[in-house]
């Protein structure tokens, strides 16, 4: 397989290996390809807030990592401009959540992703939208 | 001082004492009053992402805690409906950030807060907006 | 057919007959059912801005009407809390656009809709998300 | 006065003279300077929706025009990437509303504006946030 074909994997491996916060969250990369990413994490006690449910920052962080991986998967560095999230159902300790980032628009400067966050029963728990700016920097130098 | 006057402090103490994620983040409550909250945290290595800067989830989580504390400060439970954040400048290890939540609109059902996140040089690093639904549940039973 | 089955149509007919702005825009109701609405309009010269393309307010207004019709279709009055829109491609005079509102989350108080706006070539031209608060007022008194 | 000093006015005059929709809305430019714009309009019957109040598209359109004028005021063409609005109080026929756009962040590629919409009693009726991409095209060629 040529190097070109595994750019999404190479980018995410590089990003993830230095992403200490995603590592602390215990994020697993389930799938990655150009413009797409599926991540998973398990809610642990340290992620709960004062209502006894997962802090809003947990599903945001998972979705934001999915946005970063999906939008950088082309091998060009992309940076977040604007993100929004609606938390539609509470999460408790032991829940396993998936965040699936799909590309809904892409020009040469701007791309938009929806990230759908679901629990282990496939119930929607959060809806995230992220807009990124596509820079000119490549992740890997061409040979 | 009557109990009525320290409801914001009592609510936040109760919320924070059970908010394991805000504790993990090392969030400090600098100021709290009705409809207002000022929080602070220091960026540590475990909060960095694959670009070597703070993960977007860190300033989101700080702002989201500020939203929760400010909107619950009246003694009535409020839950987040929709939040958005723009990350306007990168954060690195050792940076100290403040999140100041101010109420911009409040009806009997819905309230809106802006949270302004700044670094130790008073530079804006993130702009957050949060909308909450005001329930009928009180945090403390009346005597 | 029982009255219950045509509540979405009855609500939208009533709303639209008094919605002077949607009428000025020339909005056509293509389809309506519980939690769903498809609207259409044609871009005319009076809708253009200083760049010679449709003003952002046009696709917003179409999407906002789709949100209003879809969310009120259950016969219970619903009011917009928060909306966002990304304009992903320009529109010019003569373009015919469709706005399709689909329900992505619904509790007894809050519902969230995505509205996908496309042109006559089925290209995405705007992505809209709207959150509504569901009141207790019914559109029609029960017999 | 040198030409440099009246660039904001020249840009807005040019944009407005070809902005048929802002003209239809009866928008008045109250003030314009670099990164700032204050607009006004009066709610007329044709702007009402099925609830007998101004359609959400009216205050959105006013705020979006304020965003366009404020962000283009530097003489460089800027285009909207993402906008959001919360409608916090209803508007009725005869109400006079102001939209004040202020710049909250600006880099060489991206700028963010808040637009505060108030009625004739200075009550907040809508809160708008807009993000623009700053292109390389100038509005006027240099001599």
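Structural remarks
Should a chain be cited, it is by its letter among A, B, C and D, assigned in written order, with residues numbered from 1 in that chain.
In this text, a residue touches a chain if its C-beta (ideal position, glycine included) is under 8 Å from a C-beta of that chain, and two chains touch if they have at least 3 such contacts.
Quick caveat, the model's predicted, so the values are computed rather than measured.
Interface comparison, B-C versus A-C: the higher count of C-beta contacts falls to A-C. The greatest centre-to-centre distance from chain C, using averaged C-alpha positions, is reached by B. Each chain gets one centre point, the mean of its Cα atoms, and the points for chain A and chain B are 23 Å apart. Averaged C-alpha coordinates put the centre of chain A at 30 Å from the centre of chain C.
Counting only residues that touch two or more partner chains, chain C has 81-82, 84, 86, 131. On the chain C side of its complex with chain A, the touching residues are 84, 86, 88, 104-105, 107, 112, 124, 127, 129, 131. Residues 81-82, 84, 109-110, 131, 133 of chain C are the ones that touch chain B when the two sit in their complex.
Interface of chain C with chain D (complex): residues 14-22, 24, 45-52, 54-58, 60-61, 64-65, 68, 80-87.
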